[in-house]
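Mind having a look at this structure? Questions to follow.
In order of appearance the chains are A, B, C, D and E, and numbering begins at 1 in each one.
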Amino acid sequence: MRGLSGPRDCPMDLTLDHITHRYSGMPVLQDIDLQIPAGEILCIVGPSGCGKSTLLRLIGGLERPDEGAVRMAGAAPEGCLNPLTYVFQDFALLPWRTVEGNISLVLEDHGLGGRKGEEIIADVLARTRLSGFRKALPRQLSGGMKQRVAIARALAVNPAVMLLDEPLSALDAQTRELLMDDLVGLWTRQPFTGVYVTHNLAEAVRLGHRIAVLSRRPGRLREVIEVPRALEDRRAGDPELEALQERLWGLMRDEAMAADQELVDV
Amino acid sequence: ANTKLTVGALRFTSHAASFVAFERGYFADEGLDVEFKFFEAAQPMAVAIASGDADFGVTSITGGLISLAEKGAAKVIAGALMEEKGIDGQMILASNEAHAAGLTSPKALDGKSFAVTQAGSSFHYMGAKIAAAEGVNISYKPLQKVGAIIGALKSGQVDAWTIVPHIGKALVGAKAVSQIGMVADYLPDYQVTTVFTSANNAANERAKTEAFLRAFSKGAADFNAALVDKTLDAAGQEEMVKLIHKYVYEDQPYEKAAKSIINGAMRLNKDSALNMGSVQDQVDWFKSEGLVKDSITTEMLVDPSYVQMM
Amino acid sequence: MSEARVVPFRGGGFRPVAKRGAGLLVFVVLILLAEWGTRAGWIGNLTLPRPSDVALTLVDLWQSGRLWTHLVPSLTRLAVGGVMGISIGIAVGVAIGLFSHVRAGLVPLVAALFPIPKIALLPLFVIWFGIDEGSKYALIAFGTFTPTVVSTYGAVDNVDRTLIRMGQSFGLSWFSIVRKIVLPGALPGILSGLRVSIAIGIILLVAAEMLGAEYGIGAYILQAGSLYDLERLFAGVVILSALGVLTSWAIGLAEKRLLRWRS
Amino acid sequence: MSEARVVPFRGGGFRPVAKRGAGLLVFVVLILLAEWGTRAGWIGNLTLPRPSDVALTLVDLWQSGRLWTHLVPSLTRLAVGGVMGISIGIAVGVAIGLFSHVRAGLVPLVAALFPIPKIALLPLFVIWFGIDEGSKYALIAFGTFTPTVVSTYGAVDNVDRTLIRMGQSFGLSWFSIVRKIVLPGALPGILSGLRVSIAIGIILLVAAEMLGAEYGIGAYILQAGSLYDLERLFAGVVILSALGVLTSWAIGLAEKRLLRWRS
Amino acid sequence: MRGLSGPRDCPMDLTLDHITHRYSGMPVLQDIDLQIPAGEILCIVGPSGCGKSTLLRLIGGLERPDEGAVRMAGAAPEGCLNPLTYVFQDFALLPWRTVEGNISLVLEDHGLGGRKGEEIIADVLARTRLSGFRKALPRQLSGGMKQRVAIARALAVNPAVMLLDEPLSALDAQTRELLMDDLVGLWTRQPFTGVYVTHNLAEAVRLGHRIAVLSRRPGRLREVIEVPRALEDRRAGDPELEALQERLWGLMRDEAMAADQELVDV
């Protein structure tokens, strides 16, 4: 059977090697050095506009770094159609395709249109508890369901690394809570490698094995923090995690405030 | 097999020669298989000759025709309709309003508006010639279509116009407009319409062109005999009118149409002879108005090798 | 505590809805007014035709079969010319939307072509395409081409770029992205552009039939106009207007079918 | 561990940008081609005029002062007719956007008026407004009116309803809401609609000058057409096209000034 | 000086009296009975689509209830231009007006265009720490700054009751944190009456004096919970508040999940 990249069986690691990036001269990321080991979720937090999304785009090859390079080492898992796979903040579902059509979209180009594709679709829909919504159109779904479809689509290509750019920040607080549980459940049943960008420190301490803190623009790596406890054992109100979250907020508060007060001058 | 030909025509009595030649089989006798293509104004016919959509046309000399001739696309090869003293020719008309206000003769045209279809049309030429002869200034109102001009004249939107008698007499008869003169008084022997064809036909299709002109001239002779010289008896006249009615005023009842057709008969050139003097005068006028290039000559316009030049 | 007052209502409004039937009422009232005016004489017979006479003219057109004599050639011209102009327009518009070089080269050209009056080119079209159907097709094709290009590349520009980035991030081929993301995403904009293009095509029928058309609604109108035959003029205009409303309705139907995925 | 590969780049594209100058290049190339063709003879002199001759004609028009003889009446007609049609169109469009009854009554009427070819109404306009300037103003006013109405009420419909609810929630008067929220919010849509309306106005110049105009760019073009004088025909078309590009540019300027608040 | 409605000096209370509301036959709110005492913030929480926004619109008079009535008793505070004033989720700033223009918008209709208006604007901008951004256009501001402007605008009319519809849910988590502090600060310095609709239970236990919990659509009032501790004494990680938040989530979790999985059928 197809399996997601586990920490042992399929070690594909990513290395960010002195990444620096500029947009029309303005430095956005400066000298980022990071290691993303297989089977772990790395959260990236930082104030608005510090280059988190840019960093994720660089990792996935959607943007070319001005300096440095992103390297992948090791083999992609068996049956992997797309080693580096994104989940986007705004879901990025094709509104004219049904749930299953949105998933088959990423299989068709690999000649997986037929029964093989059917199997994969059924599998990922079951894992995201969407089996009853196969024929629904995106407009009929709530935000939480849409993001579940996007996650199912990402799972369908059996990625080596999942790149998640604030996947929950377009959802309301309650749905966010529900989806965090889902993500933890997915990882627990079948661990995957993930890079998870977020503004939300609660999410970071809940989902990250490690948390990378970026400074304000130009984003530099300020700190990488290990989160104690296994993912499945973390509970809301856990004093150790609360303390970690407080510590992170202490690290970032002033910069967040400064970033918020910045004028977008045009 | 017969040679296929497309002949451009307006639904005017002045185009009767073609209709007669067709109906009486003169074209067929010459081995020509003729098909008519009808137009609403002279100028598009010239373009159609140039584009090869029509082989022969009969129409007045317009600026457009001269321009196309200059570009080597069209040639005048024969005469068709001509003003002749003693035969009712084109009339000068005024709107009833303008007439009531004193426009009773072309002398009073000063400052009046004069309808033309388009700049560079024969109406423009006639208006200019009349104005020059009377020493008056008139302004030209382009109205694109004869029908539009009639409407504008009836409702007093324009003051004056010239037109062939089969239309003019009907309008005057219905008291819709007033007549203030005759074109022939200003332009004696005016070569009103001519036969023209593409330069290619004129130069390289001599047999076909001559055959067409022979049949056309025969038709013209029949027409002149029946309705201009009236050498035929009443039955012959009626037959001719009926023939023409198939093409002209077809949407009107025969009695009404017959009157207009008979009234409007003007002399068609015998043997399709062409009045070069008049043609020269027209070309000169177009040049003097800046409507056509100065470099143009009558040689560019006319191929004199087909018919007799007057 | 003083007595309690109910919170006053201050919302509502600013959301006009088209009520069916009201439009019809306006038409009926206008027509009745014109009928009354022309009968009573306070509208002169040169100003407006009597609506009932226009109706009779239409009925007569229908019964005599001349409606079809005029309608069939016009519809053919509209269909052939429209299909040519619109399909080439969509192709060029999509190319402008996709390729920088095409955009750089063609956008200014299209902008310069847009304000050219098509009637002005009639004599030229006759030489280029012949006086028969060719020039009429070409005129309508040219007239529908420019607005289609503009609306199509606008529609391609408006396709959500995150969807395209998504396609790239899943390694879809360029061709797959165009076929499965760009084209369906541009469809709503293209369809709504079609409304305008077809309306322009209908308007151009008259111009197209100015040269050498004996039959056709446009020719019918032109003839009526030059004869100041207001009944026939209005009858022709009513037919064109109905044609426009009809095609717009058909596009609305197509939108409902093809764009069911829109909320 | 196997050797590390660099992540391949797979983004970019699908964002064509218009490069300045490239458009100019296309024009220059096309003109040079036409020049070459007409000189070498593989483009017949019936098909296209020589571009240099067109340029000479334009220079001559300018030097002889006849450019102004033709341009001034045309611009006057465009200005008077356009201002009438556009201002009434905006007023009607705003009313349709604000009032249910107006919308119900007028939207179908406007939809029916839209596909009516303006040339068809020319004879009627001559009767209603006289053969002089009146009918020309009316034709251009009528032609710019319908597209302006459609774009204006679309723009009013697109004004963010939450802004209007906000106004109501602060107890602003109806008139304040219209003046301070609805109208500024509709301005971008109205301005971009103006582009189309003015282009249509320019196109209609030729139709307007078909009946009874001695001077005017449209009359000049028509005359050139009837004389089959391609140099003058193209010179006239170039002038109209330039006029269109110029007004579009002016509206772009107005947008930059008035809509500085847009991102 | 103008003062916001404090609990003692300006007692304007709102009473919701058996409110029932339907949209084209579909019941949205059923028999809601609520009391909103002056000087307190009432939070309203409930699953998606349960009618929270509708309820707020009914309270503010933007919608007419099908049954029942919203009543206000007592006098509005002195200098109050608009007793019931909203703060919207999407800020609802006029993009073509500067910060001060957006505030003067709501004063102009009351003849406060001149120096008097200037004073009010300066006052509210100072209170929301926006004085340096007077001439900025909305497009130049970050989301957090925009919402601060909207709050300043609401303060400018010196309302009897502030009606806030998820005012922080369009902001990122860090900005949300900053603005919560701001709101607490504003209330502490000058207490106001508020109705605060949110999905976010953390916000509710942080900002509400009482929390009203609605059921799924048709929304009924399930419970009204008093929150212990004064607003200014609440801290993240406070075990009592954490417990309350857990309890609220327990009350709502199943309904939130059911609401999320609902198909929007069209």
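Convention: contacts are C-beta pairs under 8 Å (C-beta built on N, C-alpha and C of every residue); 3 or more make two chains touch, one makes a residue touch a chain.
Since the structure is predicted, the reported quantities are computational estimates derived from the model, not experimental observations.
Think of each touching pair as a link: the shortest run of links from chain C to chain D has 1 of them. By C-beta pair count, the most extensively touching chains are C-D. With each centre defined as the average position of its C-alpha atoms, the distance from chain A to chain E rounds to 33 Å. Rounded to a whole number, the gap between the C-alpha centres of chain C and chain E is 48 angstrom. Each chain gets one centre point, the mean of its Cα atoms, and the points for chain B and chain D are 41 Å apart.
Residue positions 60, 62, 84, 139, 266 of chain E are each in touch with at least two other chains. Looking at chain D, one finds that residues 10-11, 46, 123, 127, 165, 168-169, 171, 210, 222, 226, 228, 263 touch two or more other chains. For chain B, residues touching at least two other chains, in rising order: 47, 50-51, 144, 148, 151, 155.
Here, these are the chain pairs in contact: A-C, A-D, A-E, B-C, B-D, C-D, C-E, D-E.
Of all residues in chain D, those touching chain C in their complex are 10-11, 13-19, 22-27, 30, 46-47, 96-109, 111-124, 127-128, 161, 164-165, 168-169, 171, 174, 177, 182, 199, 202-207, 210, 218, 221-222, 225-226, 228, 230, 233, 236-237, 240-241, 243-245, 248. Chain contact summary for the complex, chain A toward chain D: residues 11, 13-15, 57, 59-64, 69-75, 84, 266. On the side of chain C, the complex with chain E involves touching residues 1-11, 263. Interface residues of chain D facing chain B in the complex, by the touch rule stated above, are 45-46, 123, 126-127, 130-131, 210-214, 219, 222-223, 226-229.
Contact residues of chain E toward chain A in the complex are 47-48, 133, 136, 139-142, 144-145, 166, 169, 172-175, 177-178, 198-203, 236-237, 239, 242-243, 245-246, 249, 252-253, 256-257, 259-266.
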